[in-house]
Amino acid sequence: MSSIQPYTYAEATTPASNIPHALLPFLETQSQNTLTRLYQLPSSCLSIFRLLAPLERQLVMNLLWLESAIPASTMAAWVVREGKQQYDAALGNLARIHILPNSTVKLALNSTFKSSFRQAITGGGSSGSFGVPAVLDEKRPPLNVEGLDGYALERWETILHYMVSSGTGQHPTRPSPGVLFLLERSGLMASTYGSPLQITSAGFQFLLHSPHAQLWDLLLQYLHMAEERQMDLVEVLSFLFMLSTMELGREYSTEYLGPSQKAMLEDLRDYGLIWQRKPSSRRFSPTRLATTLTSSSPPLPTMTGTSSGPPEGFIVLETNYRIYAYTDNPLQTAVLNLFVSLKYRFPNLVVGSITRDSVKKALANGISADQIISYLITHAHPQMRKNVPLLPVTVQDQIRLWELERNRLKSQEGYLYTAFASQADYEFVLNYAKELNVVLWESTAKRCFFGTLAGHANIRGFIERRTAGGTM
Amino acid sequence: MDDARGSHLSVLIDLSPTQWHNSAQGPPRNTYPLPLNSFLSQLLAFLNSHIASKHENTLAVFGAFPGKSVMLYSTIDPTNHDQAIDANSYPPFRLVDSTIVTRITEELEALGEPEEEAPSSLVSALIKALCYVNRVTLPSVSTTNNPADGHDPAILPDPRILVLSVSPDLSTSYIPIMNAIFSAQKLKVTIDVCQIYGPDTIFLQQAAHLTGGSYIFLERRDALLQYLIMSFLSPPSIRKILSVPTQDKVDFRAACFCHKNIVDIGFVCSVCLSIFCQPVPVCSTCRTKFPMKTLQRLNASRPLLSSSTSNASRTSPSTPQARTPTALGADTGASTTNGARSSTAPLGGLPHSGSIGNGTPRAANINGSRPGPEAR
Amino acid sequence: MPPRRDNDKFIQADSDSDISVDDEDFSKSHKGKGKADVRRKRDVKGKGKAKDTQSYTWEASYTRSWETVQEDEAGSLQSSVDDWMARGRRRRLLEPSTAIRRTIIRHLILLLDLSTSMMDRDMRPTRFDLMLQVVREFVAEWFDQNPLGQIGVVGMRAGIGERIGEMSGNPQEVLKCIADRHKLEPTGEPSLQNSIEMARSSMSHLPTHSSREIIIIFGSLTTCDPGNIHETLDACVKAKIRISVVALAAEMKICRDLCDKTGGQFGVALNEGHFRDLLFELIPPPAQQAVSRGASRATNPSADLMMMGFPTRLPDTSPPSLCVCHSEVKSEGFLCPRCLAKVCDVPTDCDICGLMIVSSPHLARSYHHLFPVRAYDAVLSADEAASNSCHGCFRPFPPPPTGTTTTSEGLSPLGRYRCPDCKNDFCSECDVFVHDVIHCCPGCGQ
């Protein structure tokens, strides 16, 4: 059964600045005990601090060097009236990850966090949480920065390229089984009836994210998996944070790593986060993917550097739906191919146009209009950035309208309740259903209503109780 | 994520040996002595906090020594990368700390012991800082080729300059400072000022006011780090939500061209706008002759003028002096004393800078010395 | 390097015209934009020196500004860029090092016609766009020459006067209020009377020593007024407000009257260049004012010594008290240094003791003209003792080029420029920045 609904606009997208980092919700779900163990390491404190929103960072800093708790009203006095809401939200966020215990009277940082973070800022201590550097080996010098970047890029693009070209009949290099397993587990790719892995709609959406978001998407999945694989979550997290504070182009020793962390080396090597000369090597170097985990700069500055396009962006979109992409990168071309019908290819230029069919194909793959638009915006050519608005309005609107064409009908499963004995009966049950908020559609004239699947058990129970009571 | 680009902070440290020596003196002279080494350890913690806040944040540190100004550290051209790293500290922090401390020691040793100390060249450091900001904001060949900053420096948001001054105003530097202020306005640079030791400096006050920064006269010098973090760490976007201490008063006085005195009532040439502290027959700058009539009129009004303001110390034509806030307050009834202000709860209005030290428990300084009991 | 590469990319996009016909207008529009830029630069340079030949817009020939840019053998524009810089340096060397005469405080309200007649295309691209562009340049130049002045902006549209920008001494603020053309979209009829009244009322509080001026840029041939405009004119004469009009369409009797009676200038623009010239003629301070100051100073009528006070600004958090100018209870304000009365805004005359109160930055804005930095010398040969980074921004100097390179006169092959006073070396960007913006040498600066 289905009910007809008027189509609605997609919810207004929240401004990018308000979206908390993907890892924070995960941290919020962890127990206070886990977090406290994590906060014992200065490097973890520093990395988590960097993931916070700017206001939250300032609040932590304001409280960091205070010896005793201060009255909440003192801090609140510094907040301007318009910022009150944001301030309260920031306090709430900090409380949820147990950095600033919730209190209406006194404000003081979690003591473990405070002492570790102070140590991170001033240096010193003996935790070794910033990674123990390996002794320089004369015979085998560490890989230089360019080498590391090339390695990371190759690994990462292999994964993405595998995803984007699955099901197109091409056969790019397969990533390692561990990566494939992760992709399948995270729902980015799926295999039906033993056939080779196919990209899912979530996977298509994934491809349009920024490299940084992609990386964290995968790592979050990895964290979820780590819990199931009986790995110590604190060790896993702290290793990631340690990597993010390491210096690019240096070698670190594996000797002081915990068992879970040693197990991670292999996986992270597959993702391109670290480099090892050979799997049994007792030293490793973090790549740029790892050292920029807690920053917002592009993790791979060489991502477009290998192609001849300018690093900031390469797409020119015109009002006539024509698109010019200055790239020779097969991955970027393949991603564009998701929603553009490509027409010509030159050594450094791809020309195509956005058509109804190409967008419909993308929409059918589960990509949303907003994702297409945001991809075009983030990769716009510097010349495009002089335009206000950046993308031609006609094209933006048309892409949205094409999406809306699909959304006219929305189906929902449920039950239709009819044949009520009396109007009173009908209203009584209807009111009950409304209280549960499970009514999708109602018609008083026909004395029937449609309830969701979830509410069915309750409503049926209610009707049964009522009919039973009625016969008594 | 939040604003993707980091913010740039240039810090100017006034390193006048005499002033720091005075600053380290004990209680009869200073209620809260602050020696240079304790200042530096707190400053380094502040600099680290700035780098910690965001991976992309950039930093430059300039030192103003007597008669010389040098760059101590800059994120864009780091000096020694090959230092050994240590498992217990974040490599960038170590780099900042060691570079700055080594450079300061070198420079101070090179200074020797001259007969008479030249005034510290804060202005020249300020101008260099502006040149540097100009360099990092301009999308130029050499900066974009630099791998140290992967992002496009052309859209570097809100560069800031923090001046940590210990010297009094130098009236000869009036014109360079003013020129620097207008350049900062043009570059959209915010200048924050923290007067750590010595009297209020009216020129730096004007610099902070005109560029939208904040000026703080450090009252509780044992809580330096807390002052620095609460007032100067936050970028302008955060200051809209979490306000920073506002300026007490801004003194718009100028220095005259003839004797370099700081004056509050001056005589101005209508042609070139040069300021003189007394009526002169000929403008020394543009050689314009002034009419006798005006001269006589102005001279006639002078005695009256000086007698009417004889009680206010600000007209004293010699050196800049610290005005006690009550001197003006008594005249106008417009200002209250500090103690009274900090004891009243801020209602609607924003707290005054004095309430950092008084209203909150003090920061421990890094050396581990615990602060005394609460002031209230 | 990268910026130029981007350009190359883009030129390629333009040359892809074989792709399809509908690319054409896109590439054209971009070419057009680039051309406009070049032309603007040229105009700025040529301004004042050689006036464009005075022909009507429709008689002018099409200028091919891109042909003036020369590529070198390698197809690079670097030589042209160098040439530009060298020219700038030579110009600086020629600048007089003597003090430049400045004037006293001016107050100006710009009345912009925002009626539908401004959408006429007889001036390119439209009268409206041209006006905005010229006014922006005008404002920048005006503040440069009148550092103590203040400009307010009022628009005339839909029969009313509309305050677009408050009186401000900050060029950035004034430019900001006319930056967004979408907020200024022309509609309806203009009303001279309404907008002059608005301008007049916003200048009523000004001190006696300041000049009050209105500049009207008028593109319409009608005005839609609620009352008798001649009464407004009389009020302006009484308030000593000078009105100048630059008409874009044709002469109107009332506009001519406004200018004649108040001592302003009237002009009708022939074409774009003439419009700019007419407007820029209004930048130097008016001569009449100097004459009115009295015959006894005939030798140098405008020269005088003025007594001025530098106030103290009270913070927003200070306890509220009454101001002497409006008798309102306010926290913020400025204290007169002589009588300690509180006034709301500066520059002004103190209402109690009559002292002229200005903040010192107002005056200081013009000092760089008084003490210019001496031009740096180009370093022509390598010098062992020289430091290896710029003394201003600490940018490392490039290694000296091998072999002989030919550079234009006034440019250093090493990219080094040396201050003749402090003997420090600077890079070319700092050279430009120091002389054009800071006006203070980092090496000699005390």
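Letters A, B and C name the chains as they come in the text, with residue numbers starting at 1 for each one.
The rule is short, and it goes like this: a contact is a pair of C-beta atoms (placed from the backbone, for glycine too) under 8 Å apart; a residue touches a chain by one contact, two chains touch by 3 or more.
Everything quoted here is computed from the prediction, not taken from an experiment.
Distance from per-chain Cα centroids to the pooled protein Cα centroid is smallest for B.
By number of C-beta pairs in contact, B-C leads when B-C and A-B are compared. Our note on geometry: chain A versus chain C, Cα centroid distance of 48 Å, whole angstroms. Per-chain CA centroids place chain B at a distance of 31 Å from chain C.
In whole angstrom, the spacing between the mean C-alpha positions of chain A and chain B is 43.
Shown for chain C are the residues in touch with two or more other chains, namely 2. The multi-chain contact residues of chain B, meaning those touching 2 or more other chains, are 350. Chain contact summary for the complex, chain B toward chain C: residues 69, 71, 74, 77, 119, 121, 123-124, 127-128, 130-132, 134-135, 138-142, 144-145, 170, 172-176, 178-183, 185-187, 206, 209-210, 246-254, 263-276, 279-280, 283, 285-286, 288-291, 293-295, 298, 301, 305, 308-309, 314-315, 328, 331-336, 349-350, 352. Note for the complex: chain B touches chain A at residues 1-4, 44-45, 48-49, 52-56, 84-91, 93-94, 97, 147, 150-152, 225-226, 229-230, 233-235, 237-238, 240-243, 345-346, 348, 350-351, 355, 359-364, 366, 370-371.
Across the interface of their complex, chain B is touched by residues 1-3, 99-104, 147-148, 170, 172, 296-297, 299-300, 302-319, 321, 334-335, 337-340, 342, 346, 355, 359-361, 363-371, 390-396, 398, 429-430, 433-434, 437-443, 445-446 of chain C.
Note for the complex: chain A touches chain B at residues 16-17, 19, 21, 42-43, 46, 49-50, 53-55, 57-59, 61-62, 64-68, 70, 73-74, 77-83, 86-87, 119-133, 145, 212, 245-247, 250, 256, 292, 294-298, 301, 312.
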